[in-house]
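In the two assemblies presented below, chain A is common to both, partnered first by chain B and then by chain C.
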Partner chain A sequence: MNELIKNIKEQVIEQLNLEDLSPDEISETESLFGEGLGLDSIDALELMVLLEREYGIKVENPADGKEIFSSINSMAEFIEANRKK
Partner chain B sequence: MEVQMQQRFFINMDEKLYISSFIRLVDAKLQLNEKTLMHEDNSITFKEISKKIYKQFELKYIKFFKMDEHSKLGFLPASILLNNLNLDYEPDKVAMIMFNAESTMHTDNNYVTTLDTIPSPAVFVYTLPNIVIGEICIKFKLRGENTFFIEKDFNADSIFQMVDILFKTSNTRACLTGWVNFKSQQDYNCTLYLVERVVEQQNYIIFEPKNIDKIYRGELK
Partner chain C sequence: MAIYINASQAISPQLTFQQDKFLDEVKEYSTLMISVQPDFKDFFNIMELRRMSRIMKINNTTALESLKEAGIDNPGAINTGTGNGCIEDTEKFLNKMLDTNEGFLNPTTFIQSTHNTLGAQIALNKKCHNYNITYVQKTLSFEWALLDSIMLINEGEADNILVGGIDEITKENYELKKNLNLWKKEPFSNLELLNSTTNGTIPGEGAAFFVISSEKSENCYAKIEFLNFKHRINGFDDLSSFFNANLQANNLTIADIDLVLYGINGDVTEDKVYYELKDSVFKDVAGGYFKHLSGEFDTSSAFALWLASNILKNNQVPEIVKIDKKEVQPDRILIYNQDNNKNHSIIVLSKC
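Up next is the complex of A and B:
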């Protein structure tokens, strides 16, 4: 799980062009949207692209994104349970 | 008609349009008014110099690294110019009119390459030239009139006419205008002018096509 979390952080930084952040600066429990990393709705779409490309997971209902992307930990749990690659 | 306009927008006849400040980012050189702020070797890419400017001038903006090259090209000089001033106008009285020839062709091409796999929403949102104006508005909380025109080439007359009309037909007190044209990592030009309607001041430059052109060509130091 720790390896997966490390990979997710690196992929989020690359996918969202968060060049001024390092993986260590992203908390596993902190909210990704709003006060946390300050991501927006376009970033949510990019995270869905990331799930599909890296893990073969297609999020059928965009409304589920709110829970899936609430933190790095919640992303990792969702990926672990649904990954196809 | 002239009288009606004066009454409607309370034009003070002693006031005229002046370029109170200008900034250029061309050929790896960043110049604010007569002062060179940065001058790198011509081999530096735009990606590299834009990051360097962002860090050096501590332009903290959460979306900076997500922007496309076109938006960065306009955002960086505009931020430095506006940070250098104390504009004391209401947010809805500061306008922006920008121009270029390339629109966002560089970003459009980047987006097309993502169509081979999964299209990128983050790239797609920057495939409009006026997005750069939105970024500057968000950063500086400006709410004035704004628009972005595409021209075949740099055209000082167009810039003059559009800005002149804007001041004559609205309550605009200041307008950030100019040319934001990104063609490639080595071929880009941002020349921005802050135009204000004020009573004559000694250091200000008269806002007219001749001076707009001179600044664009780097001939007005």
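Up next is the complex of A and C:
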């Protein structure tokens, strides 16, 4: 799980162009949206693309994104349970 | 109605952005002329910057600093001209489409691959809900944006307008156009354009923004006397008539022009018309050029307008701009640009 969390952080940094952040600076429990990392709806779309490309997971219902992308931990749990690659 | 340029900012392959000196130092290039970029962190926070491509950073910085210079927060209109738009993001998006067999497409590059992102991003930043148009008309893109802006002021639709021309060059775009023989086949110094004996030119890029107004501010750079352009010209006589008719229509003669800035780009075929004009119609008028400073790109006339407005404001023609080294302190400048004998444009401006 730790390796997966590390990978997700690196992929999020690359996908969202957060080049000035290091993986250590992203908390596993902090909210990715709003007051946490401050991501927005376009970032949510970028994260959906990331899930499909890296893990073969297609988020069928965009409304589920709110829960899946609430933190790095929630992303990792969702990936662990649904990954196809 | 008189139209005044009250702010003028440019990011270009030269040191043109927020410099104390006016083209005191000139940068030499041999292939791509890439913009000299400021530290964008001085203008935007990290979260804003992460979604901006290179052209967006250049565009937004130049535009917002122009508004700041003019002391205008909410312009009556934002008009931009661009030939290629956000070409880097367009390339990324299209390449991704191919690489992934039309899957996994990134929304950000798609959103930003549209040309009108340029004007829209400025409006979003300033929360400006006014008139906003991006003109994409190849080498007349900036001229259309400027014409629209002048008409809006003349018709009383807006008092202060932000208008600019923006284009970027990428390696991929450079290679594609190289196949069309648009560029020099071998590395060629931008400072040797006047001595060129071959076809092709050197590509460039940049952004130049202006705040134009019906009211002259204390910061006024120049007054725009007129602008006109024509897609096709049938021979040299037609071109001479185009100049004479436009000057006459604005109660001017050739003798009223102190300096002509030609769009000479080092392509011997394309430049022929400039030299013919210089040796006949404008034989008694000092000549200058600008594409050795900016490189060739669709909105290079916006760079020429930045150059001309700064010449008038600074009362100084930089030596590097002069063709014939005539001493001149111009009160009125004519900018003439054309694209392979198409899209001929004239902009005349004078001291304010």
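Going forward, the second predicted complex is superposed on the first by the 85 of 85 C-alpha atoms of A that agree within 3 Å, B and C clash if a C-alpha of one lies under 4 Å from a C-alpha of the other, contacts with A are read in each partner's own complex, and residues count from 1 in each chain.
Assume a residue touches a chain if its C-beta (ideal position, glycine included) is under 8 Å from a C-beta of that chain, and two chains touch if they have at least 3 such contacts.
Nothing here was measured: the structure is a model prediction, and the numbers come from that model.
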| Between chain B and chain C, positioned on chain A by superposition, is the outcome a clash or a fit? | clash
| So, A:L45: does it touch chain B (first), chain C (second), both, or neither? | both
| Can A:D20 be said to touch chain B (first), chain C (second), both, or neither? | both
| request: Give one of first, second, both or neither to describe whether A:R53 is in contact with chain B, with chain C, with both, or with none. | output: both
| request: Jot down the residues of chain A that show up as touching in both complexes, chain B in one and chain C in the other. | output: 16-20, 38, 42, 45-46, 49, 52-53
| Touching residues on chain A, where the partner in the complex is chain B | 16-20, 38, 42-43, 45-46, 49, 52-53
| query | What residues on chain A touch chain C, complex-wise? | reply | 15-20, 38, 42, 45-46, 49, 52-53
| remark: chain B contacts chain A in the complex at 51, 62, 65-66, 117-118, 120-122, 125
| message | Under the stated contact criterion, what part of chain C meets chain A in this complex? | response | 46-47, 50-51, 100, 103-108, 111
